[in-house]
Amino acid sequence: MSTVTVRGTVVIDVDACKGCRLCIDACPPQVLVMTGHEVNARGYRYPQLLAGCTGCKACSQICPDFVFQVYKYETPMEVPV
Amino acid sequence: MSTVTVRGTVVIDVDACKGCRLCIDACPPQVLVMTGHEVNARGYRYPQLLAGCTGCKACSQICPDFVFQVYKYETPMEVPV
Amino acid sequence: MSGGAAVGVTISRAPAAQSGRKLMTGSEALARSMIAAGCRFFAGYPMTPFTEVLEHMARLLPASGGVCMNAESEIEAVGMAWGAAATGALAATGSTGQGLSLMQESLAEITLARLPLVVLNMARGQGDYFQATRGGGHGDYRHVVLAPKDAAEAVELVGLAFELTTRWRNPVVVMGDYYLAHTSRTVEIPPPRAPSVPAWALDGSSGGSGAAKLVSFLGSYKQRDDVGYNLADHYRACAAETKAMVAGVTPLAETHHVDDAEVIAVAFGTPARFVLAAVRELRAEGARVGLVRPITLFPFPSAALAAAASGAKVVAVYENNQGQMVDDVRLSLLGAVPVEFIGGLSLDDSGFGIGPELEVGEVRRRIEALLGRGTSGA
Amino acid sequence: MSGGAAVGVTISRAPAAQSGRKLMTGSEALARSMIAAGCRFFAGYPMTPFTEVLEHMARLLPASGGVCMNAESEIEAVGMAWGAAATGALAATGSTGQGLSLMQESLAEITLARLPLVVLNMARGQGDYFQATRGGGHGDYRHVVLAPKDAAEAVELVGLAFELTTRWRNPVVVMGDYYLAHTSRTVEIPPPRAPSVPAWALDGSSGGSGAAKLVSFLGSYKQRDDVGYNLADHYRACAAETKAMVAGVTPLAETHHVDDAEVIAVAFGTPARFVLAAVRELRAEGARVGLVRPITLFPFPSAALAAAASGAKVVAVYENNQGQMVDDVRLSLLGAVPVEFIGGLSLDDSGFGIGPELEVGEVRRRIEALLGRGTSGA
Amino acid sequence: MERELVMSGIGGQGVQLASSVLATAAFAEGLEVQLFGSYGGMMRGGATEAAVVFGTDAIEAPPTMSSAWSVILLHHEHSAHARACVRPGGIVMVNTSVVDVPVDTPGVTVVDVPATDIASEVGHPMAASLVMAGAYVAATSLVSLEALTAAVAATLPPYRAQHRELNERALAAGADAVGRDLVPAWPSEAPASGARA
Amino acid sequence: MERELVMSGIGGQGVQLASSVLATAAFAEGLEVQLFGSYGGMMRGGATEAAVVFGTDAIEAPPTMSSAWSVILLHHEHSAHARACVRPGGIVMVNTSVVDVPVDTPGVTVVDVPATDIASEVGHPMAASLVMAGAYVAATSLVSLEALTAAVAATLPPYRAQHRELNERALAAGADAVGRDLVPAWPSEAPASGARA
Amino acid sequence: MPDARIVPTDRPPAEPARLVDDFTPALIDVGAHHLCPGCGEPVAMRLAMEALAELELVRRAIVVFGIGCYTAFSNNLDVEVLQALHGRAPSVATGVKRMRPDTTVLTIQGDGDMVSEGLQEVLHAAARGEAVTCVMLNNGVFGETGGHMTATTVIGQRTKNSIDGRDAEYHGYPILIGDLIARLQGAVYVARGSVHNAGAVARTQKMFKRAFEAQIAGAGFSFVEVLTMCPTGWFIPTPEGPDYMTQTLGEVHIMGELKVDGRIRTTEELHDDNVRKQREMEDALARGGIHP
Amino acid sequence: MPDARIVPTDRPPAEPARLVDDFTPALIDVGAHHLCPGCGEPVAMRLAMEALAELELVRRAIVVFGIGCYTAFSNNLDVEVLQALHGRAPSVATGVKRMRPDTTVLTIQGDGDMVSEGLQEVLHAAARGEAVTCVMLNNGVFGETGGHMTATTVIGQRTKNSIDGRDAEYHGYPILIGDLIARLQGAVYVARGSVHNAGAVARTQKMFKRAFEAQIAGAGFSFVEVLTMCPTGWFIPTPEGPDYMTQTLGEVHIMGELKVDGRIRTTEELHDDNVRKQREMEDALARGGIHP
């Protein structure tokens, strides 16, 4: 079992999402994935986070619906994947 | 008594003139002169021709009131001045 | 094709056929009937609910040998139409509210240039009645204004509009609304007409003849011994033409149940259909109510209205605005019958003039209120 | 300075004094009285006879701490005035015929934005009456319209215009013509007023407060939980404001010799002065004629007119156009007295609306014709 | 004679397509038709409603209505207007997979159809409106089922042609889910197809 | 009480300047004044006319007139309107250097002034209108000659200030060319200057 | 059953962490708006608002809105807003700035608003050197009316009223507005940004700041264009927006600074630069990688 | 007593001679017009008409007029004329040309008409590549209204509403319209001529012909600007017109061809050329004259 360095994380305002997927393609470490069948209150699929966020803000900066809050950890963590 | 070569001449529609003097400054051999006190039917002074016209059309091309007809003689003449 | 077009993104090549009975939206009916009437030039700038007509024209007109310009603004659109009209081509343009306001200078002066032009006024609500019937531009010009109640009548009135504009060399306005543009129904597009090119039309060929043609809102006087235009003459001539046109165009109106009516409702365009439904409901219950629906808003069918209202106790004007046609109703009746305004702008957040107050029950209640009064008051 | 300005090229720095009794053209009187009323922003595009006012403003306003923009077009002029008005500065713009037609979209919507603005309508003739009084733009808005008869009255009405536009947050139109602009006479410019900045005015400082100001023709609803504008509410509120304004503005009219008059002439602006001279001549000869001169064209002084005309046999409407105010006269009287149109556009080749038919003798003849008929007919 | 239908749902349920298919089918059978669709902007989940009038003569009814012979409810949200429309003697068809408000207007026939479930079975939840259209035609004989099926091809824009078969299956499944002629649209002497053309 | 003046000429004769000077002088003396100038475009030789009204009370006369107490004719061309204006009891002043049409309205005092000749003597033919203005004031006492002279400086735009002296000489020469008070503008109890202010 | 790999994201982290980006950007009152999924305009709005905030201009800014989809934000900001008509924002901004020279005034317009309906407004304002910043969100369509051709639509682009793609013969060529503005003497800063990816977003953010700085310095007119995705008006699935944009609009309206400190670089020059850089990159890779 | 030196000019010469230039130019019906003494516009009109005649376009030309002093010619030509509103001629010309692709369509506009009131009309028409020729008579003022500032008025120029001279701070900078048009892909020929002397007149005549030739070839939009004297609007004596023009307008709106066969030369480049040529000339003179 390998590990991944986690430097940051995001809070996702699931119900604000309109399911456009821009964040998915924008995330450099590719740690955002769309839900499969689950939809939010407005009927859209939305992103979920896998381990490995760098806190780079690429998702929050491109999201048209301001769904993300991005945090940088004071100290990076190693997390098993 | 010297002579001047005359290659062309003009017909001046005196009453069409508005006295702007553009032709006077435009005539390369400087053979157009404004009247002194005589004015035309509309009250404007107007140009008159001295010997030495070259038929160059400078006057007719710049006159805003289409006052000139320009002729080129088939054979130039020497005229005393 | 059908109501699908009302739903949103429908991009498709039109089938070639342009006539015959079909199910289509009002906007498509407008486009197809314009083409059938011989319109060969159209220019416009998107604005709901005019946009829908523009889309159809952009798709259909080039295929019919015409030109449709996606103009960069309404002012440029009407300018382009002006140029096309001067070549003798049947031309049309149009817009919605704001866009028509921008065109007012051109619409005023193209009238003085004596050019035919059909103008689609696809309004949001009916607040542009004054603008259309008085001419929102400067000066004394007038436009014939036709107000269809639905797509089928729109097809007929578009034909009439091109006829009148050609005959009188004066712009004719066809007034519609969001409902007209977006409601699908069965319509019959008439067979295509091929209009002839008028003698005054420009094509360049009269140049060098010593009598080259001139099309100008300042008059078509050519300078000979005199300089300048003869504006006084030209304006006088235009005023005379306007007078002749006003006298020559037959005012149209439709009446329902007016013969013994105590309350006569007056309404035009789509709202008249709501009013008619209300009148029918009331009639079914025995109330003596009737409807006059002006079809030509200018010239206004004053005589028809006065005749219909002669025995009424009150005339109730319904418009989807704060009260504009009510002036024409009063001017028609000149105090002979009391006139009440029972309309009001009905708006939802779309701003398209399709709000909840425009509803049969609501209209009915407003007429009923007068019915009581009319009976007691007279 | 004087009539010299009417003659052509007069370029000179104005003397600093801006008040007191002076001999000046109507255009200078308009400019100086606007500045005295507190106007601090002006924008315009040249067009005779509006140009003359623009020239004076360009010269005088910067010296009074204001800004005068030589805008690149009428549409840009009204846009600039809109922006200035939103900062709470008293702003004015204007034009002539064509230029005002171009402004119609903005003039319609700035009314819905509830901004104060004074609009100078320096017309050629009086053919723009409908446009000014009905609003040539789209929708249901209305502007107060003031029509001075000369420079002295213009000074007063300019003051009133700024008062009303500030009070009602609704544009006010001051209508003049070539005569007004170009006729010199003695006028008294009132002392300068320094208007206060209203609470809704933008200056940037409410940013970041959680309640930043918004000035919008779509309404000033700020989004909280809901998205979008609430157009229905906003239009309803605007309609209510218009109603209040129409009720709140006192209609003004001047009457002459109406008490026992058989024929009552109605005319406004400069032509009313020709009509008055004709009425005086006729009165001097014993004819029972009178004059009503509407000063507010909107709201129209219907009650005053109806009262004045109550004993008359005929009401004769003189306008320098093909007949527009005559509608308002008919709407005021609603058939109580017959209404005849005795006007007509008087034009010479300048197109400025100063043609030969606008002449005391001619007006007199037209009134006399009715006088005979009025006496015999009634 | 006029028969009104108000069809109400939320964005993504296919209300506008289904109402178009019904209108196209009726037109093909020679009926007069009028259709006005309204929808609340671009957002998924917004209100969407279609008002359709079928008639044997030129239609005079206004484009929107407050009283209708028939109502189809795809979703309870934004459905207040549609529910208020139905009048005694009429029919209401309810998508019971979704709708969670009771319909109990007196004198009205209520027909339950689990349309979204059926549509999912058939292949796509967006076909729920077509399931209802099939059921509606079966229950009312407003038009023939054949005309309805043919209308799908005529209505779909070319770039959506691949969904045709799926949509046709949805219609059929809807028709099979209810009884025939529960509330006939036309008096028996007025034939449901052909002759009027 | 109102006194009208119509001054008519052709472009280049100084009609607009002279009428302005008269108006300015009258204003300075406390009279009410109204002045409207019209001119046919930019061309020299075009019609130019000024309509001036002097009054002891606020002026109500319209800006242009068809009947006037006094007329000044600088040129015969385009003068038909001006000639038709004069009314019995009034005065017509004729620039006899140029005008070649007779003026014979009954009951009107006609005063001949060779104004263009006088102006040329003084220094510039364009000053003919000022010569007439001087003569007019002398003949009518409409305003004082001092006020008229002072008005020249007030009326000329700064860039024309150099012509002031010439213009003042033209006024004086005009005044000297005619008799005083031939047709007094005001009844003798109404003083010609000052008191009205 | 929840996927075990998913990290919880429903609340701020328990571990010590610093918030580096918040949901609703500074100054946008409410996050919710009714623009389409995948629209680029909210992203551009965020950048403009953040630049104002970073330069501490919030209490002296006035934003003048045009009419387009972005108008959804005009009653949604915590800075002062003045709503203008379609195409007219630059004149309105002029009136504001002339009366309030101490404020920072910007317009938010679209390509339809600025380059179609109101082209002369922005050019005249730039020529006058008005100390305002005009912002243009360029998606090459009238988004709000449903995806129609504008004066910036690129050749071949399919729109609702040019359904076979914009044809140069029939419809003419797109206008590169930045190039025109750059040539006007009153314009001091002209730039074209984009929001198709995080790098572009960061570059565009700098452009906004430079434009506002130029305005504050009173140097003259400044202009920022931002290419924004419009999947609805382009009739494509939302995730394809960024790629479609770089391949169509972005190939013509090339990102970069067109005028800085009086120095003009044309779009062709930016294009040539890009080609050169690309070639150098390829050469370097061919030679075995880039060594700084 | 008549001056003995004066040559009679009241009739054609008795000697054999060829008429090389007639009073009223071809296609101008009546010579008399009411434009001011010394106005440059009639001269430009003459050039446009002569170019049409020389290219034998008379029977297929349609001239669309704007509104300005030149409008005096709109009912005075022996070619077909369509009168447009102030600023709107390019759109009107578009409508004409689209319906009559076989005609030669030109506009006659002024700087006020084209660069102030109707700026976007000409730019949109050029971007669309309409096969029309727009002609702009540039005198840097609204002549007809009495000499007011336009969008081409140069810095320092005194006008009736900028009486201390155009001040860049307050009124902004002039627009060099040819440079903007040249940058639009639909424009194929762009030139700036002048009528201040016979040489300029001859060069300008060639520009008209090239523009019409480009139009006939269907290549796209063509544009000819002509600097014209306006002594009235400049408040100067008529004979000073040409010199005043070369020293004010002509120093900024520099004569030359701005776009030919897709090659753009900016006004600055034309200016630099002129400076270089001038320097070469001076150097050559300093070295003792020019030897061809």
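Residue numbering begins at 1 within each chain, and the chains themselves are lettered A, B, C, D, E, F, G and H in the order written.
Simple rule for what comes next: a contact is a pair of C-beta atoms (placed from the backbone, for glycine too) under 8 Å apart; a residue touches a chain by one contact, two chains touch by 3 or more.
Keep in mind the model is a prediction, meaning the values are calculated, not measured.
J.: Going by the contact rule set out at the top, which chains touch both subunit G and subunit H?
T.: Chains in contact with subunit G as well as subunit H: C, D.
J.: What is the minimum number of touch steps required to go from subunit E to subunit F?
T.: Tracing touching chains, the least step count from subunit E to subunit F comes to 3.
J.: Between chain pairs D-H and D-G, which one is joined by a greater number of C-beta pairs in contact?
T.: D-G
J.: Starting from the mean Cα coordinates of subunit C and subunit D, work out the distance between those two points in Å.
T.: Result: the chain centres lie 30 Å from each other.
J.: Could you put a whole-Å number on the gap between the CA centroids of subunit A and subunit C?
T.: Taking the average C-alpha coordinate of subunit A and of subunit C, the gap between them is 55 Å.
J.: Taking each chain's centre as the mean of its CA atoms, how far is subunit B from subunit H in angstrom?
T.: 25
J.: Compute the distance, rounded to whole Å, between the mean C-alpha positions of subunit F and subunit H.
T.: 44
J.: Counting only residues that touch at least 2 other chains, which ones in subunit C make the list?
T.: Residues 8, 11, 72-73, 75, 98, 105, 109, 228-229, 350 of subunit C touch two or more partner chains.
J.: Which subunit F residues touch at least two other chains?
T.: If we look for residues of subunit F contacting two or more partner chains, we find 41, 43-44.
J.: Which parts of subunit A, given as residue numbers and ranges, touch two or more other chains?
T.: Answer for subunit A, listing residues that touch two or more other chains: 18, 44.
J.: If you look only at subunit D, which of its residues touch subunit C in the complex?
T.: Going through subunit D, the ones touching subunit C are 75, 97-102, 104-105, 108-109, 123, 127-128, 130-131, 134-140, 228-232, 235-236, 239, 242, 321-322, 324, 327, 330-331, 334-336, 344-345, 347-351, 355.
J.: Can you list the residues on subunit A that touch subunit G in the complex?
T.: Listed in rising order, the residues of subunit A that touch subunit G are 8-14, 16, 18-22, 24-26, 28, 44, 48-51, 53, 55-58, 60-75, 77, 81.
J.: Per the contact definition, I'd like the list of subunit G residues that touch subunit A in the complex.
T.: 3, 5-7, 9-13, 15-25, 28, 31-33, 35-43, 46, 195, 197-198, 201-202, 229, 231, 238-239, 241-242
J.: List the residues on subunit C that touch subunit G in their complex, please.
T.: Result: residues 8-9, 11, 13, 45-48, 51, 54-55, 58-59, 62, 68, 70, 72-74, 98 of subunit C touch subunit G.
J.: Show which residues of subunit G lie in contact with subunit H when the two form their complex.
T.: Within the complex, subunit G contacts subunit H at residues 116, 118-120, 123-124, 127-130, 151, 168-169, 171-176, 179-180, 183-186, 266.
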